[in-house]
Structures are given as C-alpha cells and as structure tokens.
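Since the structure comes first, as structure tokens, the remarks are kept for the end.
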Amino acid sequence: MELLVASAIGTMTAGGVYLMLRLRTFPVILGLALLSYAVNVFLFSSGRLSIDMSPILSKYSDTSYSDPLPQALVLTAIVISFGMTAVLVMISLGAYLEADNDEIDIEPEITDEDSAT
Amino acid sequence: MNLIFEIFISGALVVSGIFGFVGSYGLVKLKSTLQRLHAPTKATTLGVGGVLVASMLYFYASTGHISVHEMLIAVFLLLTAPIIANFIAKTYMARNLRASDLPKSQSRKGWALYEDPPKP
Amino acid sequence: MLTRLIPHPLLSLLLVFVWLGLVNKLTLGNLILGGFFGLVIPMLTAPYWPGRPKLRKPMNVLGYVLIVLWDIVVANVQVALIILFRSNPNIRSQWVVVPLELTSAEAITVLAGTITMTPGTVSATLAADGGSILVHCLHTDDPDAVRDEIKTRYERRLKEIFQ
Amino acid sequence: MIEAALAFTAACYGLALLLDLWRIVLGPHAADRILALDTMVINVIALLVLYGVWRGTAIYFEAAMLVAMVGFVSTVAYCRFLLRGDIIE
Amino acid sequence: METTGNFLFIIALLPFIGALIPGLMIRAGRNATAAFTAMPTAVALILLMTYAPAVLRGEVIQAEVAWLPQLGLSVSFFLDGLGLLFACMILGVGLLITLYARYYLSGEDPVGQFYTYLLLFQGAMLGIVISDNILLLLVFWELTSLSSFLLIGYWKHLPEGRQGARMALAVTGAGGLAMIGGMLILGNIAGSYNLTDILQAGDAIRASEWYMPALILILLGAFTKSAQFPFHFWLPHAMAAPTPVSAYLHSATMVKAGVFLMARMWPVLSGTDAWFYIVATTGLITMVMGALIALFKDDLKALLAFSTVSHLGLLTMLLGFGTQAAAVAAVFHIINHLTFKAALFMTAGIIDHETHTRDIKRLGGLRHLMPITFLIGTIAALSMAGIPLFNGFLSKEMMLEEASHTGWAGSQYAVPVLATIGALLSVAYSFRFIFHVFFGPVRDDYPAKPHDPPFGLWAAPALLVVLVVLIGVMPFIADTVVAAAASAVTGTDLDPHLKIWHGVTPALFMSVAAVAGGALLLMLHRPLDRVWRAAPRPEAKAIFDSLVAGCVSLTRRIIEATHNGAISRYLAIFTAASVLLGVAAFMGGGLVEPTRELLPIPPVIAVGWLMLVVATGCVVVMHHHRFRALVLIGIIGLSISSGFVYLSAPDLALTQISVETVTIMLLLLALHFLPKTTPRVSSTGVKLRDGVIAAAAGLGVGALSFAFMQRDISTISSYHLANSYEGGGGTNVVNVILVDFRGYDTFGEIIVLGIAGMLIYALMQALLDGPSAQRLRNTDYSQDRSKDRHPLMMVVATRVLMPIALLVGTFIFLRGHNQPGGGFVAGLVVAIALLMQYMASGFAWTQARKRIEYHTMIGFGVLIAGLTGVGSWVFGKPFLTSAFTYVHLPPIEEFELATAMLFDLGVFLTVLGAVMLMLYSLSRIARFAGETVNEEPMDYDPASRVDNGPEAR
Amino acid sequence: MSHWIILPVILPALFAPLLGFVMRHDIVLARVTSVFATALLLAVSVGLVFMAADGTTHIYRLGDWPAPFGIGLVLDRLSAVMVLLTSSLAFLVLLHAIATGWDEKGRHFHALFQFQLMGICGAFLTGDVFNLFVFFEVLLIASYGLMIHSGGRERMRAGLQYVVMNLAGSTLFLFALGTLYASTGTLNIADLAAKIPAIPAEEAALVRVAAMLLMIVFAVKAALFPVQFWLPATYANAPAPVAALFAIMTKVGAYAILRVHTVVFGPGVPGTEGMIDAWLFPAAIVTIALGAFGVLGARRLMPLISFSVIGSMGTLLVAVAVFTPAATTAALYYMVHSTFAAACLFLVADLVVTRRDGDSLRPRQKTVQNGLFAALFFGAVIAMAGMPPLSGFLGKLLVLNSLRQPDVMVWAWTAILAGSLITIVGFARAGSALFWKSTAIDPPAPGPADGTGPDGVLSRNATPAEVAPAVLALAMLAGLAVFAGPVAEYLEQTANQLFDRAGYIAAVLPAAGGS
C-alpha cells in the first residue's frame, strides 16, 4: 500500500511539474493543481497509513486511531490551495483578457536606445 | 446473523456487482455514443441500488436499527440520472448531429437543442 | 399566508424525511429539527420555485412510483441482456418522437425521467415548446409501439396526477 | 458468505472502473468521456457503500452522499460547458 | 595641561549645518548667501585657531562620543599638527573659494546649490583630517566622493560635467571601497579602529601576515583619490566643474586626501620595502607622466590638472621614500602647492571668465589687457616652476635633495634622473602658462574682450600669491607649522629649519638643469607638440568609457539572459535546485532501518491507483485539449478522495471531492473565455529537459514519502486524541484540531479564502474598467451554442435537488464536530447547491430573485470567527479558547453547544461567501461579454402553451 | 499571558473585513480607518518592542492549549523588531498610497493592505512551522491582490508569474513540512529545537531534507540565487507603494531562515551541522553579484531598484549564512536599514515615474520639481548603495566586520565591496540620466487643471503630503544611522537571544526544562 501511495505521489508530482513548466497559463494551472494534490497526499502520508482507523472517537470501543494531525493540516492546505488556485485562475484570465494571449512568459521589452552614455 | 439476511445481503451484493460491471462493459462494448448512454445510466442505477439494499439489510441485521440513509443516495441518483443522461445526450447531439439528422418534432417548434424557444 | 409559510408542502415533507435519513435516527429532537428545516429551507428557496404544481390525485403517485420501480428492474435486466449477449450489428437503435399532452413542467420532467430510467430508452431532448419529446431507443423493431407504451403507461398516469 | 459476496462485488466494480477508464481515455467524443466519468462516479459510490458494509461502519456514508452530489453537479457542468460555454449564464 | 576637544565636534559639524544655510538664504540674494555661507567656515576656522597654540606645542586635542560600539565606531576626533595643517588649509581655502565663487558664477547658476555642495564637501574633508577613528574617517572619505560628485556634476547640462562626475565617483568610489577593506583589516590587526591605538601598533601591523593586503587596499584608496598612476585619468575630466570647484578640490582638498592618508598612516605602514617600492615608484611615475602630459595640454585647466597630478606624484614619492627628511619636504610642499595651485586655478578661472576661453592657443598677450591677473598668475606659475624666491622652489629643492640620494632596486640614478626630468617638465609647462597666455602680441580674436576682473574675483588669488612670496622669501614663518605637521606624520619630534639657501648640493645642480631644460623645451614646444599629437597613446577616458560600457553591456547581457521573463525556466531551475539540494541533503545523513510492515494492497485499491496514474499520465499527454484535461483531473480527484476514505480520512475525502468540484467549476468558467486548446510550442529538447526534471522531482518526492512511511515515529497527536473529547468537546478529532487545537490555522485559512474572494472581485472590477472590457464586448462567445439555455428538466429537478443539497450542507455543518464534516465542507456543499440553481436558471436570474451580499457574508464570517476568538478574552483566556456545554431540554435529547461551532459558523460563512463571490465575479464578466439575463426560470414553460390556445401541429 | 502579543494579528484581521466588506464604498472612511488601524498597530508594536526588551521570551498559547500541542505565539526581541519594522514601514507606505491616490486606482486596497499586515505580523510572531506556512499564505494572497492592484497588461502578466512562482514555493513548503512532521512528529519550533539535536547524523537523512527544502522555500521569498528570478518583474510591475511595502516581504524569508535555521537546525545540531551554511553562503554571494549586475545593466528604473533589492538581500544573507551572533546582529541591522532604503527608493521612484513618460532610463523631459526629486533620489540611493551618512554604510561595515572568519572573508568582502562599486556606478548612471540629462530638455507644457497630461503623466507639483513619506523614510534611515549604537545594542541582544536555543525551548515548553 505504501508503495502505491508513494508512487501515486511521485506520479502526480512528476505530472504536475511537467505541466507547471509549460508555456501557457492553463496547463500551468493544471500542473499546480496536480502538484497540490500530490503534496496533500504527501502531507497526509506523513502521519503514516492506516486502514479503518478513522480519527472519530468511539465511545464503545478502545480502538487505535490514525494520526489526525496531518489530516487537519491537509485540510488546511487543501482549502488554502483552493483559494490560491481560484485566484490564479482569475489572474490568468485577467492576463489573457488584457494581452489577448495566455502565454505565461514575459517577452523582455528591449528598448532601442541605450540608457546612458 | 440470520442466514436469510446473509442470503439476501449476498444476493443483493452479487446482483449489484453484476449490474455495475455490465454497465461499464456496455460502455466499452457498444459502438455508438448514444447506445453507450443506455448502458451505465441504467445498469449502474440498479448496481448502486443493490449495494444500498445490502447495506440497509446489513445494518438492520447487525444493529437492529433500520438504516434509511442509504435511501437518500438512491433517491438522489434516481432524481439526477435522467438529467445527466439528458445532458450527455444533448452534448453528443449538439456536437455531432444536425437537426436534419433527427426525426421532426411533432409540435410547433423543433427540438430545443437547435431552435430557440417561442417568444412568450 | 400558509402558502407563503409552506410554499411547497410536499417538498417540506420530503425534507423532513431526508433529514431523518441523514441523521439516520428517529428521535423527537430530530423530528423537530427536521420539521424546522422542512419549513425554513423551502421558504428560503421559494423564489426559485415560483408557482405550486397542482396534484389532482396525490394517491396515484404511489402507484406510479411502484410501476416505475418495477419497470426499472425489468429495464436493467433487459438492457443487461442486450449488452451482454447481442452483437453490436444486431442492436437496432431508433429515434422515437413522443408528442406530449402534458403541459406541467414538473409532469414533463417526471415523464422524461421515467423514460430514461425504463427499458432501453433515453429522453434526449424536448421540443423547444415542450410539445414533444425525442427519445433514443437502444433496441427496438417497432418505434411506434415504444411511443404508444410511453404514452399509455406513463403519460396517462401522470396526466391523472397532475391535471 | 457475505465476505465472498463483498469480494465478488468489489471485483466487479474494480473491473468496471477499469472499463470506465478505458472509455475516458479513448473517448472518442467528449460526451463519451463525460459519460464514462459519471459512470465512474457511480461505481465509486457503490464501492464506498460497499466499503462501509465491509467495515461495518456508517462513517463513509457522507462521502458517498457527497460524491453523488458533486458527481451530478460536475457532470452537468461539463455538459453545459460544451453546450453553452458559460455554465452559469 | 590637556586641552578639551569639545570644539572639535562643533568644528566638524559647522560645515554640515552651514550646508543648510544657502537653502534658507537663497531668496535673500547672492551676496547675503555668500556672506552667510562664509560664516560657519569662518567660525570653524576661528575655533580651530584657538587650538593652534596647543597643537603647535605638540599637544594632541581629542574628543570622543560613542556611536556604534558594536563595530568599534565612535565619533572621535583628534587634532595634531598634520590635522591642524590640513584643517586650516581646507577652511582657509574654503573661505577664499566662497568669495571667489560669488563673483565667478553667473546669474543663471543655482548658487544656493553650489554653496550647499561646497560646504558638504568641506565638512567631509574636514572630517577626514580630524578623525581619530578610521571607520569614521571612512565615513568622511566616502562623503567626499559623494559631495565631489555633486560638485563636479554641478553644470548638469554639460555632458562633460556628468561624465566627469560619474568617472570621479567610480574611480574614487572604488578606491574608497578598497580602503574599507584595508581599514577593517588594519583595525582587526590592531584590535581597535582608533587611530591613536593603530598608530601605536605599527610594529605589530607591519609584522602581520595581513599587512600586505591591508597596505594594498589602503593604497588603492589613497592612489585613486590622489589621482596616482594609473588612476590619474579621472582628475582632468573633473575639470568640467566650475573653476572654483577645481581650485578647491584639486589644489587643497580632495586630491590631497590621498596624500593626507598616506601621511597619516606613515608611521604604521611605511618603512617596509613594499611601501617604498609601491608608493615611491607610483609617485615617481605619476610625477613624470603628469608633467609630460601637462606640457601638451592646451586647455588651461587641463594643464593645471595634469600639473596637479604631477605634484601629487611628487608628494606621494616623497612619502614613499619613508625618510623623515622626505616627510618634512612632503609636508612643506603640500602647503606650497596649495598656495600656488589654488591661485593658478583661480587665475585660469578669471581668464576663462573674461575671455570666454581657456584654450592657450587662442590666448596670448593678456599681459597688457589684464595686468593684475598677469601678475598673480606669473608669480604662482613661477612658484610652480620652482624658481627661487617663491615657495615652490624651496620644497622642490628639498624633494630633489631627497631624490638625489635615493636608490631604486640597486640603481643610484633612476630616481634622481627621473625626478630631475619631472622638475624640468614642470618648469616647461609653468613657463608655457606664463608665456603663451600673457606674453606675445595682443590678439584681436579673443571670444570676449578681456580686462581685469572686479576686486572680488582677484582678491582670493592675490592673497594666495602674497603667501607664495612670503614663504618663498621668509620660509622660517612656516617652521612651526611644518614642524608640527611633520612630527605628526613621522611620529617623532622633528624640528626642521626651512631655509632658502641649502648650499651647493646635488639638488642645486638638478634644479638648474631643470630650469634650463624647461626653458629649452618651451622653445621647442611647437615641433614637440606636433610630434606629441602625432604619437599614438592610450586615451584614458576612452579606455574607461569602453570599460564601463563593456561592463554595462556584459551585465545587461547576463541579466537579460537570466531574468528574461521566462517563468517556465525559473520554475525549472527552482525545481531542479530543490531536487538536487534535497538529494544532497539526504545523502549527507543516514536512515534508520524500516520499522513498519507494509500494508497489503487490495485489488480494488490497485485499480484506484491505476486510475490515478493513468489519468495523470493522460493529463500530461492530452493537456493540449484543455477540456479533456479537466475531465481527467476529475478522475484524479475522485481517486484521491476514495483513497482518503480507504485510508481512514473521511474528512479529507469530503473536503477533497467538494473542493475539486468547485475548482473544476471555476476552471470551466474561466475556460469559457480562454483558448480551448494549448498550442504545441515546446521543442523536443525543452520537453526532454522538463521531462527529466519532472521525473526527478516525482522520483524524489515518491522515494521520500516511501522512506518515511516505512518508519514509525511518535507524534504529538496522541495528545489531541486524548483531549479531543474531554477538552474540545468533539469526537471528530480532525475537526476539533481544526476549530480548536489549531483553530488559529483555520482562522488564517478562512482569511486566505476571504481574501481570495475579495481579490477576484477586485480583479473583475479592474478588468471591466480597463481595456479588457472592450475585448470582452467585441468577442463573440456565443458561437456553436445549443439553443436550450435553461432546459426545463434541469430547472424542475433543481427545485427539489437544491433544497435537499442545502439540507445536506446543514447536516454536514451541524455534525462536523463529532462526525466527518464541518463548516468548510458544509460551506462548499451549500455553494454547490446554489451552483445547481445557477446552472439551472442562470446566475443573474437567481441573483435577481434573492439578493445575497457575498461581500458581507465573507466579512461576517471573518468577524464571527475573529470575535469568537476574541470572546475568550472576556474570560481571561487566550484568543480562540473554546468552551462547550451539553444542554438538555426535556422532550429533546441532550445536545451540545460549543463556541467552536460558532467559530465553525464563521468558517462556513466565509467559505460560502468566497466561493459565491468568485462565481459572481465570473458571471459578471460573462454578462459583460454579452450574456443576457433571462426573465423566466426556464427557456419556455409548456404551461403557457395552454394559454396560447389549442395546439396546431 | 498578555493579549498584546496577538494584537498585531487580530487588529488588522478585524479591521480588514470592515474595510473590505463594510466600508468598500466610502474611500474617505476607509482611509481614515486604515490609517487609524495602522497607527494602532504601530503603537502596539512599539509596546511589544519594549515588552521584549527585558529579554523575556513571551508565549501566547492560542486556545489555551499547552505547547507543543496547540499553536503558540512567541514574542522575543526578534519578532518584536520585525513587527515594529513592518508596522512602521506600513505606515509610511500607507501615507504615500493615500497621498498619491494609488489606493483609489483599484478596489479593496485598504482591506488587502491590512490583510497583508496581518499575514506578515502573524508570520513573525508564530512559534509553529505549519502556522508559519498558513501566515505565509495569508501574506502572499494579500500580496497577490496588492500586486495586481489597478490592473494593466504588464502588471497582470507579472502578477501571474508572481502567483505561479509562489504557488510552487508554497507547494515545496508543504513538502518540507510533511517531511519534517514525518521525521519528528511535531510542528512547534521549540519542540523541534528540542528534538532535532538529539537525532544523530546517521539517522538524520529525512530531517536534513526537511531543513534543506525549508531553506529553499525561504530562499524563494528572500530572493536568493537561484530562486530570485521572480523578483525583478514582480517589483518592477507592482504599484510603487506596493513595491515599497514588498520591501518587507523579502525580509520575511530572511526572518524565517534566521528563526528556523538558527533555532531548529542551527549551529551544534549534529544532523544538519554545516549543511545550510555550505549552500546558503555561496548562493548569497552570487545573489550580491546578480543584484549589482542588475543595477548596472538595467534599462528601466523600477527593475533597477528591484535588482538593488536583490543585491541587498544577498548582503543580508551572507551575514545570516555564517550563523554567528555577531553576524546576525549585523544582518538584523542591515535588514532594518535595507527595508527602509528599498521602500524609500520605490516611493521616490513613484513620484518621478508618474511625472515621466515611463520609467525608462533615457533622457526625457525634465519633470516638475526635478531638483527635489533628484535630491530625494540621491538620498535614497546613498542609503541603498551603502554610502554614508545614512545607515547603509554602517550596515555594510557591520556586515563586513562580522565576516572575518578566514574561510568566508575573502569571498564575502570581495562580493560586498565590488557589488557596492557596481551598484554605485549603476545608480550614478541612472540618476544622471534621470535628473541631469533631462534638464537639457525643455519642461513639459502646462497640463490640464488636475495636472494630468496625456498618458496619465502628471505635470503638477508633488504635494507636501506626497513627498512626506519618502522624506520620512530618509529620516528613518538617518535616525538609524545616528542612533546606530542603541539600535545595534538592541539587535545584538536580539541575536544573542536568538542563538540561546535552550532559553527559547525553556520559555516555550516549560515542561521540557530547556534541555
């Protein structure tokens, strides 16, 4: 199981990084979304994996529970990355509408004259 | 647990599994999109229904309480499945068929997909 | 006054049941709470549901639901058999146009939903004025029979309920 | 017996998921992909309920319920996007 | 008796205070400004004079206040003979320049600025010569660079002025920076930055292994400032400044700072071979070279500038000799050079002012037209030439005397011969100044009709030439001053007697040879000038300019190649660096043996894994089809959520799936306006590069997680599990952590969301106010649209589904504290419920039916959450301390009331408000793009068919 | 426990929603409230500095949960100084934004501004690494809003890049935190500081990775090579007052390195000994060089200033990288200085650029009040380039003086001194082109009544209120120089307190007894 989770994290990270390195905003957004999925699972896995041990306290049984803290951290991270993604989407839309293309790189503006002699 | 319950539960599960599989099998097997539309919307409804029935029976059998919240999922799916099928069908038609490919509507207006609604 | 307070009684009732289903425990407290939500939520959403569909014969609803449920089970089996055992070239899909007499939006929706959930048919689109419905039939040799069955088995009953 | 039935059903749904995946990847039409994704959602709902039965807990019910809700909404949204472009026009 | 040094603070401060005066006075007129500007200088000079007797007796006046003790920097001043001499020169000449400038500057020049800069500069110079702390000295040193930059660039409209200023700043600034290094080393060796301590530590410093670096760095500072070869080139270009500036900077002050520093450090640094060979040689070369170039300069100020270079070389050489006699000669020459050179600059200024040219070739014959100027100029030039009875002669003799018995690398003749040549050239250009300017026939083509200037303009140089003559004739009047200064330089008590006649010494012969040779050279000037002009030689300014230009274009190329706006490359570098450094870090440490057994892999879970992996791969492969990629992202979200369910994290599953859905909604909304496909633009090489980086990152992260998942660790969360119910009142530990243990995180998190909503709204407004609005209006987004906009079935189904969804949201909210759920998920579920309604009947229609202020909702959410936290202050508890109780109303079963729920309500409202505000903003944009508002909930209500009468099919 | 500690977070957190959601239609009310809130924050932070002055490490346990289980705010000298630095800078910037009307050019400026302050103060005060992440995000998202405030094509694209870069950085932050939690089981800085030194090098691989990744995360914020690329485009395209406020943002990165990599992974920790310095130091050297190159090579004013910010961060981080109290003292002084210097430059640049046709370093028509602007620019440049009499020179001397270890001295001194030279030359060229050459060109014709010419170029004089913030910033720099002694003394104690790991642990985790 651990191997599956680790490889899933790795795959999503790789995919995310690859898309993040593209030249248009949309794939970059997708890449960052993938990366945030990957990092959420990664953060979650830092509490180690467990099955059927949800951290919902049970009055009746004296079972063990999975580590709730990373889960709480991941929740926070998910929410934050949602907000960030939303902002990114909007800004990229803004950039597109302003410039009429959704390239992410800035073409350096070279002026003809030198600044000072 | 009561054997009757076990049998019913197992039966419901098996039925569910079969229909769940068939739905997806149809999705792969059938040759046109509109045909494929029939497979999952129908088969999976019973598939999920089976699991839900099994779940209700199981919890009743094991705790003695009647568990009804499975019903909610069923109700929800029942309410939404037609809408979904309708939308997917329209999506396909809008992109792949013209009005002339379809039989004529038998009312004053043509099909909603291709024709504006009457002015009120 | 009462219509303002309880704009959609059936919806309210449904919500009470849904609430009980959600908490999955029938207690007085939950019933009260469910009743509260059953009142409040329709009030909040009333603007989005103008008008109240009239149900002539509410008792017929149950019969209709049972028929549809039965048909769904049958539909599933039939479709499963077609999918599993009929080779693709032998599946003859057809369009079926069903002219509608129903005029209530709710009734048309229920009919279209029923069509989709029952044997091998999917309601694909309505006419722009809601006057007929285009049904895609997975496999049939007789489209007219399909149309007639829809009209007699479902539309007639719905007409009784809604008009 | 229930154990075996659970295993069988789970296997069925596992296979079903693979078939859905197949259809999503191959398409060919957008409608096919949406349809297959929706099927996948429904299969997952079944699996979630199944898992609850297997574990004997109702803790996963909300997840199943929520998957059903968002499955509906996102499927409609995908379709509306293709049909109208703006999903909340 | 120790004399208190408190006046030193005042003296040091006066010029800086004075620098404010012109700004205040300038409206009162030029005379008033000049007069008031002279005041602080005069007062400082008077105060200084009160110390003169004590200093000349050999006392050292000191004063100190702490400034930055952590650094060893204090405001400490000391005044010894050397300091006094320089301070007098700076202030005295300063006064003269103030006077001179009043008449020199034209009415169009901003006089106020000039005096401000001048006083700033004066203060900086003064600071250098009386600083007792070398760090403080550095402060003043840098200040001279800055203020001279302003002075040289004073005539901003002249390109020469700007370039000269920048060049001076670059060269002297560079030297200053080197000197910082040298001084810090010096202080480090001596253990103190106080000069008095450092001057005691000469032996230790010379013995230190850091002596050489310190020496070189400090000398770099001194040489650049004093325009020593090869840094001499900036000085002539600084002549673009108004002449009063040149007279001040290049006779008495700025350029002497380097010489002063060498003199100051003489007891510490001199006496080694390194000192001798570096300093004396540099000085000698500079002297000869400067003089040679001066001879062929036609610009009067350029001639004087190179003569200054030459004389500075002379001084440097003398200090480099390292003997006491040479030091005495240096000190004496400093005084003499000041007098004649300042007078000469002022003379040049007068000529320029009156004739409107400084070109020697256009002058001549001024003897008759400007007799006073002629007299002053000639006396000063003769002194510069080293003609007896003028003070220049005396110190030059002493220099030649010293040179005559200084050997250089085994050679007895190198130094004397070169020194003589230097003196000879000096005579030549001095004579040229006299003869080519004043003698010869009166011309009729001067650019302006020359005549002697008003008294105000010639008074200052006249005073200086009086000194030239006085010292020249009665050198003993300078005895005490020279003695005091020379003693300070050498650190031993010296009592030199300055005489006119030294007897028949080698120096006399050298001097005679120099005068004769000089006269001869002048006679040969015309042919020599032609040879000189024809000879190829490196042009320092051109070299400097091309060096700077080269640096600029090199740095520009580096910067523009690296910071080229290609964020994809920045990110590639960032990722690659993270991977490489992460691996490097990992390799540097070990790992304990695995302690956990791996969990089994059920087949269905393997299928889920496969879904995720395949979908990820497909997203990468198919990302050019944007919509398709979004569908595939859906699979990934679904797989992860299911995985969370399987791995005991139901809350995560709920959150993940709902967030993912809302995210996809937003992406779909945005994609409506964006291109639907991504062009294939990356080359194979780039793809390969990115692929390698991506694979490495994936491998690294995967391996890392695999490594820790196999190893157990005890965590702090056992506390949370143990205290969740008792202390936090909830059984859903994750939720209790979110709203209680780490509620502060959640508080931050909802603020992020609130800001996100607000920001999106603000951005939407900005877009609609800007040029994008036009683009939106002009783009047709309605192509290929199906005609049914708000299909009946969807509308009707939503009428039931949305209330149910709202109920589910409420349910999830209410039970979140004890079961999976909570305010955040509830907020999203309610948002999704509303989204259904929007998709059914449109945003605008829905909004029109019930106006919900999403802004306010966010505001209230944040405020409720914040005030809930603040509420605990009332009970004397810290922010966000929760309280809960169980209430029992008889017919109903027990239920819980917790402040955490109130906090969660804040979360709920913020989330809902934020999501809705985002949707609202996107829908506004759509309406701008031409989307219309529908009047009815659905496209067509078939019920109205009845009203239209019977159907006609 | 004193509630004062949390006020720098709560005040803006409560004012911001009021500003953004209640007062969003009334600019006058919003301005008054915003200034009031910022002044209040300034007052509170002055109080905190005095509160921390006695050397006590104050802890504020949120939710009344004991450390390390809940989140604790920690007020020591360092956090107090940083909060004061933030609030005083914010005050200046806010005045400028209001005086110049920048706040009206888009929506929600004041709310975003307060949120930004909340995020920054929260990051400085927290004693928990995950909470640090959360407040990083708060300050980032607010900064996104401020960055693209008032929109425009270039700004939007640059803002997009800024967001993307930081999202990547945040992702790495989470990877680092996951690794840290996975290898230590805790998130509290004091608890980490107590636990990590006990991990022998043979078991430290994971902790090392966490430490390294955290450093990269902070390095992105601090604009350290090779993750500094984002900065010039961002700062150059941000609205000028925002760029001025951003002067503190890079310091957040530097602060985080100081806090985390000194207290948790600092000197004497066997697992990470020598690892961070080995990378940080050379990177900082290169950063100095790049900053200097940028100043010399820039074609436009705003990028030029941005590169000078990079250079100053290099200088700051060189001092941080040796992890000694003396060097940290120097770094802190330099940090305070460079924050105001950069801000001052941006504010002055704003006054100039709005009166010019763009910020290109080519001769243009001279602006109205050319001399005044030239003087202000000269002052700000002196500060930034580290020349006397302003605090930059002292800061530079402190840094140089603290880097006398033989292995670092040559590199550090060469880089800093040569960097200064290049910077000075670059600034001189820029100033000459902007203010001197321009005088050769006739002043613009008098514009319309409101002083706005074509292309929005202002042709009216700057009001005293517009000039005041820049002048105040210069005065701060002068004050910092004059009172360098007392300031450095406070900072020296600050550095010593920072290096007193046991004291920190004992204060935060009383039960641990500071072992």
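Just so it is clear, A, B, C, D, E and F label the chains in written order, and each chain counts residues from 1 on its own.
Following the convention adopted for this analysis, contacts are C-beta pairs under 8 Å (C-beta built on N, C-alpha and C of every residue); 3 or more make two chains touch, one makes a residue touch a chain.
Given the structure is predicted, the values throughout are model-derived calculations rather than measurements.
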| item | value |
| --- | --- |
| Intersection of contact partners for subunit A and subunit F | E |
| Fewest touching-chain hops separating subunit B from subunit E | 1 |
| Most distant chain from subunit B by Cα centroid | E |
| Of all other chains, the one whose Cα centre sits farthest from subunit A | C |
| Higher-contact pair (C-beta pairs counted), C-E versus B-D | B-D |
| Innermost chain, where centres are averages of C-alpha coordinates | F |
| Rounded Å distance between subunit C and subunit F, as computed from the means of their C-alpha atoms | 62 |
| Inter-chain centre distance, subunit E versus subunit F - centres from mean C-alpha coordinates, in Å | 15 |
| Centroid spacing, where centroids are CA-atom means, of subunit B and subunit F in whole angstrom | 57 |
| Centre-of-Cα separation between subunit E and subunit A, whole angstrom | 36 |
| Where subunit B touches two or more other chains, by residue | 18, 25, 37, 45, 67, 69, 72, 76, 79-80, 82-83, 86-87, 89-90, 94, 106-108, 112-113, 115-118 |
| Contacts with two or more other chains, residues of subunit D listed in rising order | 10-11, 13, 15, 17, 30, 34, 58-59, 61, 65, 69, 72, 76, 78, 80, 82-83 |
| For subunit F, residues that touch 2 or more chains besides their own | 130, 134, 137, 141, 144, 148, 151-153, 161, 164, 168, 175, 178-179, 181-182, 187, 233, 298-299, 429, 432, 437 |
| Interfacial residue positions of subunit D with respect to subunit E in the complex | 10-11, 13-15, 17-18, 21, 24-25, 27, 30, 33-34, 37, 40-41, 44, 47-48, 51, 59-60, 62-63, 65-67, 69-70, 72-74, 76-78, 80-89 |
| Residues of subunit D defined as touching subunit A within the complex | 55, 57, 59 |
| Footprint of subunit A on subunit F - complex, ascending | 130, 133-134, 137, 140-141, 144, 148, 151-154, 156-161, 163-164, 167-168, 170-171, 174-175, 177-179, 181-182, 187, 233, 298-299, 360-362, 429-430, 432-433, 437 |
| Subunit E partner contacts - residues on subunit B that touch it in the complex | 76, 79-80, 82-83, 86-87, 90, 94, 106-108, 112-118, 120 |
| Subunit E partner contacts - residues on subunit A that touch it in the complex | 1-27, 29-30, 33-34, 37-38, 40-42, 44-59, 65-69, 71-76, 78-80, 82-87, 89-94, 96-98, 100, 102, 104-108, 110, 114, 117 |
